[in-house]
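One chain, subunit A, links the two complexes that follow: it is found with subunit B in the first and with subunit C in the second.
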Partner chain A sequence: MGYVAVKGGEKAIEYSQNFYRQFFYRKSDNNFIINNLSFAVDKVMSEGGLFTKLLSAEAIRKSGGDLLNASFYVRAHRSTCQRTGDARIVKTEDIRILRRISSAFKDIEGGQILGPSDDYAVKLLLNADYREKKYKNFNKSDIYLKSALTTLRNNNLVKKIEKDNQIWDITRVFPNPPYPRSAVQQVMSRGETGAMLAFAYTTMRGYGDVHPTIGDLRIGYAPVYFKHPFLEEEIKIGDIEVTSCECVGSFNKDQNGDIKLTTGFGFCFGFNETKAISMSILDLSLYNKSYTIGEKHIADDFEIIMFHIDGIESYGFANHFKLPHYVTFQSDLQVFDNANQFNKKEKK
Partner chain B sequence: MIYAFLDEDAKKEIRRAILKAIAIPGYLVSFASREMPIARGWGTGGLQVTLSVISPEDVLKVIDQGSDDSVNAVNIRKFIENVTNNETTTETEKATLIQSRHRIPEKPLKNGQILVLQVPEPEVLSNVETDSAKQKDMHANEDYSKLWVLLYEDTAQFGDSRIGSRYPVRVHGRYIMDPSPIPKYDTPKLNKNEALILLGAGREKKIYAVPPFTDVEPIKFDDQGFHIEEFKDKRCEICGASGVYFDEIFDENDNPHYYCNDTAYCASRKGNL
Partner chain C sequence: MNRRDLNFVFQNSDKNQLNRLYEKISSEQKVIVIQEPTSQTIMLPVKDPVSGGTFYAGEVLVTTSTVEVNGSKGWAMVMDDNPELSLILSMIDGCFASGLYTDLIESLYISTLTKISDTREKINQMVNSTKVSFDLM
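Let's turn to the complex of A and B:
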């Protein structure tokens, strides 16, 4: 048996990249991508962990629309950015709201604000009748609202989880277990939407908490404050588009033995409702052990979430299989041959 | 477009599944759930059942969370209206076919009516057994011990089951089924109901049924009563109704207010006042 080794000569790689550019990376306008593929741009910003529409659009162009690859470009670029300091923590109350809904409560202060959404659209490719109506009663004034769960919190009905004294920064130091909550939140915030959805889905289908209710889901513009290096005071340096979700699970006993409702929180860059919902469900599952009886579940295992939720890492590893593996495979084959010989002898 | 959206072969398959479901009350019948133009989990199971059983003379009502006016109800009703031209109504007694999510109407259903419930999680055992092959064995052997253990553990810790809505029920003395996430308040209405109740789960590809006048009992230990949600001394602030299922709504000062959850019931009372 003969195996031809796949060798990547320098010239060959160069030609391959030129070919890639010609094949996938044609001229298109970054502004077009920002304006027309906004969910794609938001997904890339969120998973890339950097709020930059322009570079995300550029990354989408360079990756030919492979969004994980695009996030990879952004995250790689992020590593080149100088860290100048920490912004003030964004409060969800300060989000200027574009859309905010609660499925836990029918009537909430500030109301259900559907905002722009195609959730209720009948998804027929060829029938445009449904979308032709002009919207009415569009409120142009800015909306700020406290969480729909505030009443429950004020009445001390919600289980509280201890705050981290210091906010961890996973881009500088990756923690060891037990993982600080701020680190877990960051890992999930940058996590891959599909992976997060899949893990969250396991807990919805019976491997865990089962059917949480969305208490407050909002998308909007959060102000970012930063301490001016010379003036020494905090100034607003801009708005970022964000999604935030608080979900409510079953009730359970807290540290004092009191029965409290359990909640989970999800927060990420861009308008990513599926991701924020999934993240809040994972947060809920991680910090509130299983509602159902049985063994450990995927969604309440810190190790599984911390190490498998990252799209860039799993994407990279899955694609590394494209690299030559002829040395290891050669040795696998020898082991196989030996086993085969042994088996034949035994059979006789 | 074809009447009622689905192709005739799809409808035939779904009707056969429905017939089997009626013949074995509470038993989960698999079917080849079709892709619908609304998302999975938004009522595609109920929608497929409704579209398969609807005929031109049917009068349709669609409820979501007790209301005919909530976004999902409006959306589904409009869609069915568009693909059938059938008459629609909000009045429970006028409807021959009612598709609902999370509620059984306050007004008692009559023989000849069909109630279609949308079901997110049809397998009652999924809370206690995730392996679907084992679930099937357990149903076949009438082995519901794990459900009883869950009920026992909850009762020991919290005084009662932690299950709020979708409380497990035994149908016709045989299969235990998930009644879809109706509140416990609606559970007794399943028992000996005059209407045919069809339950459709699109994402999980299952159809099951409670035929008219069938025994349906919530599972419970002999020495533990079944407690439904209570709204003691509460009255609807619109129509004055009491002893119905209420929406509890908090105002800006965190004070609760109560309104009929079934908006059609509330409107009909108001019309009669």
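Let's turn to the complex of A and C:
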């Protein structure tokens, strides 16, 4: 079956793009988008794989609010920029806390900090009349906290998964199986929230028996450090919004006879608890197959996760079908016609 | 005030004050732009508590520039797509390295630091107001 590309149509395409711009691309201030649609901006940055509030807001505006399309713009822009090196490694305890909760422990060091959350709001579209709160009597200090699971880890009660000797970068080379853990985590960290949520959800419904407990969920600001070329020391470049989640699964007896708790980790750019929780559940499910009832479900299959959660890829693939496929379809029709004729002959 | 802190602090400065400083430096000093403001990315490695290893969570967009002021090189790497800010900050870095306009730089540095601290304290108070200890039923 041959595939011959079509050509021409430039004028109509130009008009179509112009029409799109006039119809969907309204003039608005990017700062308005950053300040009022911050979760949308965060989603685009995270799934685009590039922390840039300004360009994410621009991409949202340019795509008329289609967040997958906006992430595509950001991911594409990423590929045009020169990469200059690695920032200092960010650890969970480096995050300046805006919110940190644990549903595993009621009393944790540093306390449960609800932060800015609408978890407890009644989800009705009413104009709630919020009373102005006074905060002046509260502590002004920064909050940095160890993970709520630190004590369990220090007491050697948590299963430790083998780490990669070298950090993998999927944007340079996509690995072959068995996939390095750092590559799997990088894929998930850039994954599409909806896809990750759906796959994580399968573990709780008909395709698994994972019922994780959120050990430590936090949003806050992670510092970005990079080496100053003339000072020859690391300096602070900025603070970025991040979300991190550690979930705890079930326990089991390891091969060496020890009984250990299983955990999963999720981390992403921006404030996106749904994604970080989903990533931690997928991590838990992928690396602890024997801890669930039955095997080879959906969320514990590396092939499914590695190739089906990237929003840009799935969006791109699904949407390429709407581009001209006349020749392919003509070939399909020809084969269909031949099959029909053959079938008729056989019937005779 | 330390040179290593300038890059972060001045990103939060008042734009008008920064522009005034930029105009003063560029009109009074010979500034050679070694590297025009350039969009670059830096990879962000994150520690994985489950394995103890690291992985990349994504890239951070930064704008970098390098200048020479009075024989001293200045460099800046600012967050996001910010060419103008990057150029100004690299000039301030170069001036500081050659000991120029230290009083002006220090004055803006201190006022910005106060602004950063005030904003941060206000947010921290809001964060601390949400600390909770649920009662057992």
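The working rule: the second predicted complex is superposed on the first by the 305 of 348 C-alpha atoms of A that agree within 3 Å, B and C clash if a C-alpha of one lies under 4 Å from a C-alpha of the other, contacts with A are read in each partner's own complex, and residues count from 1 in each chain.
What we mean here is this: a contact is a pair of C-beta atoms (placed from the backbone, for glycine too) under 8 Å apart; a residue touches a chain by one contact, two chains touch by 3 or more.
Because the structure is a prediction, the values reported are computed rather than measured.
Of subunit B and subunit C, which one touches more of subunit A's residues?
Looking at subunit B versus subunit C, the one contacting more residues of subunit A is C.
Could you tell me if A:F51 is touching subunit B, subunit C, both of them or neither one (first, second, both, neither)?
Only subunit C; A:F51 stays clear of subunit B.
Quick check for you: in the superposed arrangement, does A:F226 touch first (subunit B), second (subunit C), both or neither?
The second partner, subunit C, only.
Is A:D119 touching anything from subunit B or subunit C once the two structures are fitted on A? First, second, both or neither.
The answer is first: A:D119 touches subunit B but not subunit C.
Between subunit B and subunit C, whom does A:R205 touch in the aligned arrangement: first, second, both, or neither?
After superposition on chain A, A:R205 lies in contact with subunit B alone.
With the two complexes superposed on chain A, say which partner A:D107 touches: subunit B (first), subunit C (second), both, or neither.
Both partners.
Answer with first, second, both or neither: which of subunit B and subunit C does A:K236 touch in the superposed model?
second
What part of subunit A is shared between its subunit B contacts and its subunit C contacts?
On subunit A, the overlap between the subunit B and subunit C contacts is residues 106-107, 114.
Help me check something: in the complex, which residues belonging to subunit A touch subunit C?
Touching subunit C: residues 45-46, 49-55, 78, 80-87, 89-92, 97-99, 106-107, 111-117, 133, 135-136, 138-143, 147, 149, 153, 160-164, 167-169, 181-183, 185-186, 189-190, 224, 226, 228-231, 233, 235-238, 240, 242, 246, 263-265, 267-269, 283, 287 of subunit A.
Give the list of subunit A residues in touch with subunit B in this complex.
105-109, 114, 119-120, 122-124, 151, 154-155, 205-207, 210-211, 250-251, 253, 259, 291-294
Spell out the residues on subunit B that touch subunit A in their complex, using ranges where they run on.
37-39, 65, 71-72, 75, 79, 120-121, 123, 126-130, 146, 149-150, 153, 157-158, 162, 181, 247, 249-250, 252, 254
Okay, in this complex, where on subunit C does subunit A touch?
3-5, 7-8, 11, 38-62, 64, 66, 73-75, 77-82, 97, 120-134, 136
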